[in-house]
Amino acid sequence: MKKKFAVILSMLMVALITLSACGGGSSQKDATTSADGKIKIEYWHVNAETQGGITVDELVKTFNESQDDIEVVAKYNPDMYKGLMQNLQAEIAAGNHPAIVQVGWAFLDYFSNNFEYQDPVAVNEKYDQEDPTFLKDNFMPNILDLAKDSKGNQVGVPYSLSTPVLYLNRDLLKEAGLDPAGPKTWEELNEFSKTIKEKTGKYGFYFQEPADNWATQGLLESNGAKFITDGKATIASKEGIAAYQFWADMVADGTALHTSWDEGMQSFVDGNVAMAYTTIARRESVQKGAQFDVATTTSPAWEGKEINIPAGGCFLGITAVDDEQIEAAWKFEKFLYSVESVAKWTMGTGYVPPRTGVDTAEDGLKKFYEENHMMKAATDQMDKVVPWASFPGDAGLQAEQILLDVRDQILGGQVSAEEGLTDAQNKINELLK
Amino acid sequence: MKSIQLKNIVKRYGNNTVVSQLNLDFEAGKRTILLGPSGCGKSTILRMIAGLEDISEGDLLMGGERMNDVVPGDRDVAMVFQNYALFPHMTVEENIGYALKIHKVNEKERQDRVSSAIKMLELEGYEKRTPRELSGGQRQRVALARAVVKQSHYFLLDEPLSNLDAQLRVHARKELLNLHETYKQTFIYVTHDQIEAMTLGHNIALLYNGDLQMYGTPVDFYNKPANVFTATFIGSPSANISHVTFRNGRVFIGNQNLVLPEVWQAHLTATGMEEMFIGIHPETVWISDTPTENSLSGLVTTVENYGGRWGIHIDIDNENWIVVMKEDVPVKGSTVYLAPDFKKMHFFHPETELNLGSPFH
Amino acid sequence: MKIKEHQLGLHFLFILTVLVLLFPLVYALSNSFKTLNDAFNNVFSLIPREFTLQNYIHVFTRLDFMRIVGNTFFISTTVTIFKIITSLLAAYSLVFFNFKGKNTLYFILLSTMFIPFTVTMIPNYLTISSWGLGDSLIGVLIPQLADVLGIFLLRQSMRGIPRSLIEYAQLEGASTYNIITGIVIPLIRPNIISTGILFFVNSWNEYVWPVLILKTKSKFTLSLALQMFISSEGGTDFTIAMAVSVMTMIIPITLYLIFQRYILDTFTTSGVK
Amino acid sequence: MQKRTKKGKWDHIKAFGFFIPVLLVFTIFVFTPFFKTLYLSFFEWNLISPKKTFVGLSNYIALFQDPVTVKVLSNTFVYILIMLVVNFIVPYIMSYMMAIMLKKGQNFYKGAIFLPYVISLVVGSILYLWILNPVSGPIGLIARTFGIRLPIWSKTDGLVLLILSLITSWKLFGYNFIVLFAAVNNIPKEIIEVAKLDGISNWHIFKDIVTPMSSATGIYVLIITIVQGLQQGFTPIKVVTQGGPNYGSASLTYQSYHEAFTLYHIGKSSALSVLTMVLFMVLLALEFYFVERNVYYEN
């Protein structure tokens, strides 16, 4: 009897060990070549089903069908670019390398400082003998520059490009007797909001509050402030403070809603907020939920000033390390940047095409734009796009965090914009030393 | 049948010695009772024999073989637990057949043995019931059947009747006797009840604080208690013990004295002691309400009705005695005169409390 | 008369508690049958303005949902079986054997309940990855095996078994194997079942770890399926998320309803006796 | 027949052998990581860099100088406090009401109240995020019909702690309730009947008879509430507020997750985890002191 028991016990152990061993065999050994001898590369993305996940699958499928010796495996990373960066940290710490990853703009410098990556222009030249200048030929220099880090290295190629636009609930605007075309300036937006609050009792405005400062940068820099000047934080300039205080004042007098991104957009979509300033990537979800006459308009300007809005979204970085993988990664990347693929990407997500020649091409987006007026606001302002302020060095993420912390303090009314921003600026510059 | 011998057995839990240097023989085929108040170590001894407790020192011989390190399952003992230890998830039948199943006795024989045990203990008709559907008495019989069916040499019982009510207990005692007469195993029975011990035992081992107080037949226990403890433990009510002084052929109790018969005088003089304990069983004293020759006088403080017998509590110069009588009961507060039966009297050593012996035995 | 009012008040209190606790479930169910538009604009009504199965259809057509359920089921079942066996052995050892350092060992194991999972997360991720188990179902389930809850619960229930039953079996020569399979397991079967269900449900609801480990769609579990419809940038597709939530809840709730009595009994003895 | 003998140590070996599977997984996935975290708390590291810089105690010093630590600690204590009220005192009183006062419907209430315990807290958090949306959720809309604008709780210090605790309690309430109910229900009815005959009020019965007689379970639930609250409280924080506003809802557990996976301060995160563990260990010591030592288990 005891023997029987010992047998069972040891079977249990063996099962445990083999379970782990088997798992290892299937997922690890052939990470680079699949069973049929194909080169297998991983494409890491953040695109949930509501944000282009469907299109990613289509694109990968099309590409794999067109290739005999390369197989792309798309890997979804939850929790956006931050989540992807977390997973990448851990994966690389464990000694594995995906081939292509989406890197959020806020992580540009962090990525280039901490990860091994391939300069896409160099890869283009080295591995694509037929078309060694593909990137230079098809990308506007200012767009390609978005993916340069603070030291001037080309870290990747812009892929998902978004800009913040102003969403309008035209029904509410009309109800309050306002121009349904929406405000053109921030000052006007303030007036609109006050009227809406008085006439309808609802919130006039919601300014997006995600875990980054992308739209905030647009608000401040359009007023003439600069997040970063010569590698130092300069956010607490007169203009920066004024713009921030403007937002805080709207929250304080109850015309603007101060809440989390999802809740804020929920309230816009169900008609409790008249105007929302957020990314064009939300277009589809807003359109699907809204029961009212919804429209978008270009980012408001400050009276008499130029609009400066940062590019949102991500670039593609090549993290493959051996030649075979890099070459395969390039082939896939080139496929993603073809006119057809980019068009598909825009239609599936609402991101603005990063390369030239897509907007007007018949097989591109011409028809799509004609049917989707809401996209127009985003494409119209592409010439105003500036790089996302990415603080240099290892402390960049913490600098970003300091700005997020101060946002809650200022909007919550605990400190004035002047105090908050000055303090944040000092802290960041202390870190950047 | 085989005997069990304990040789210099010691049981310790940490620094706490529960059984010290115990030597005991359990005669083959005889019923031996381990008797004693709770905490005296009697159950521990039983469990050591069964192998459920390790033996700290000494030898356990079963059938002449040293068994200290043999696993319980191979000691060939059947045991009945105080709470019966019936498996609640098995039927009566399954419970009884469990041991046979474990020992891989073949199906046919198993059935035969189980059904004969069931018949023997009058459990027919209850085969398919689970223990919780049985009465206390029935459960006790299942536990017995379970032990019987094993046909082992040794039969250990740990207070098997303590969960039964008084009437059932008498019946169950008789049943146990019948069982043993049939199978004649070496039978060890743990109890704190002296009546059970007296009625069931061929031999009784009385324990107190892990020490053997007396080993003997039930008759010896009453007639020749080995020491004060034994005298007070046996009998209901137990023996009256008083400190006395023996001088000039008399024993002095308080301010009174009794003249001892000559045989006693000689016997006690030979011990050379003056101070000692006297032990007198309550049934061995005559009481009268008029003064008699060579008697003690005392005041009746309480009269208890035992049903057909009375217990008379008497204060003899601050010594409290109990006397049992059947008729002519004195009333509370009256003065009575006590004349003990000198043949049934015991004297004990003042320090060791050992029986000083009797010239009548 | 005072007594009656008193009972009424009590019932009111308990019904209110039940409503508060169960409202989210009803809300999820109701919204999973609404269109997104309906969900945004018809907040109050628990009955959809236009009843739609679109959310469920979407989930099933867009995702290989049966596979996702299968993956989750595989992980939860495996975790449950292994944990029941290992916990049973450990608990048996704690209750019915005496050995040096037993209490210390139990103390140490019990104290792991108090280790915040953030402590073990990073090193475990590295371990799993270095074994080549990143992005695999096995990688998701293995670390879940280190859980003291089962030892705790089964130890409690085994303590309820009268020692004499085990002693009797030993006396009859039953081996440890016989005792465990023939006596201990049948006697505490309800506790084993409910502990198993708890393991299953906890593993089923596991969130942070699978989301950290899994990346390939064919290996997704329900937690990731839910995550797929929540994106900060693209927005949350609320009604689809609700459909996924309902699908996620169905199995634990069904199990609970079937074995409710066992589960409640086990927990009523998991306290301190 | 050859008799098997107890081979002195065999039982010990078997007893220990039964622990091998458990010890194996615990060693790999709990004990080793535990010491690794302790080790990492003395380094500065970002999880991927091949270079770990030994910094001695400076991570700990930085923690003690950081005002955020103070805030997170005080949040944690507020969470604990709210949990104790909502998840310990309330179910204690309610279990008394059910066991002693309520005459009918016990089984239904028990079953229904326990139900959320089997449901994912992630699902619960998402649901409550919608239901409790102060502008657009059902409660917010009702309030508005009365002309009240609810505070935006997710951005309001203090209030955010309360709401997140309530969300966590939604899942854990049932378990605590059931366990406490069992303890209260196990008190011999005669004792309470005698008290009622003597005209003692329900409150006094609860305070003077029920609480002391169920105190062992009471303390167990008390400690489980604190610890589970802290562990499970992580989920709604992560799903709903990500620690905001300005660390207004971050607990110790969340903060060490945040330091590690948002800022990649592995050293500082580890130090914070160690600090959290010390806190937990104190609670555990209390648990053993009160529950395991002072309680007599019948064999």
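Every chain is named by a letter (A, B, C and D) in the order it is written, and numbering of its residues begins at 1.
Here, contacts are C-beta pairs under 8 Å (C-beta built on N, C-alpha and C of every residue); 3 or more make two chains touch, one makes a residue touch a chain.
Keep in mind it's a predicted model, so treat the numbers as computed, not measured.
Chains that touch both chain A and chain B are the following: C, D. The chains other than chain C, kept where they are, remain one piece by touching.
Centres computed as Cα averages put chain B at a distance of 56 Å from chain C. Centre-to-centre, using mean CA coordinates, chain A is 35 Å away from chain C. Contact with two or more other chains is made by residues 9, 12, 16, 86, 90, 93, 211, 262, 266, 270 of chain A. Residues of chain C found to touch two or more other chains are 40, 43, 85-86, 89, 122, 142, 174, 176, 178, 230, 236, 238. Chain contacts: chain D has residues 21, 47, 130, 136 touching two or more partner chains. Contact between chains, as defined at the top, is found for A-C, A-D, B-C, B-D, C-D.
Those residues of chain C that touch chain B in the complex are listed here as 162, 164-165, 167-174, 178, 183, 186-187. Touching chain C in their complex are the following residues of chain D: 11-12, 14-16, 18-19, 21-22, 25-26, 28-30, 32-34, 36-37, 40, 47, 94, 97-98, 101-105, 109-116, 118-124, 126-128, 130-131, 136-138, 141, 170, 173-175, 178-183, 185, 216-217, 219-221, 227, 230-231, 234-235, 238, 252-253, 256-257, 260, 266, 269-270, 273, 276-277, 280-281, 283-284, 288, 291, 295, 297-299. The part of chain C that touches chain A in the complex is made up of residues 36-37, 39-41, 43, 62-63, 82, 85-86, 89, 122, 125-126, 129-139, 142, 174-178, 180, 211-212, 215-217, 224, 227-238, 240.
Chain C contributes residues 6-7, 10-11, 13-14, 17-18, 21-25, 27-28, 40, 43-44, 85-87, 89-90, 92-93, 97-100, 102, 105, 107, 109-124, 127, 142-143, 145-146, 151, 159, 163, 176, 197, 201, 204-205, 207-208, 223, 226, 230, 236, 238, 241, 245, 248-249, 252-253, 255-256, 260, 263-264, 267-273 to its touches with chain D in the complex. Against chain B, in their complex, chain D makes its touches with residues 1, 3-6.
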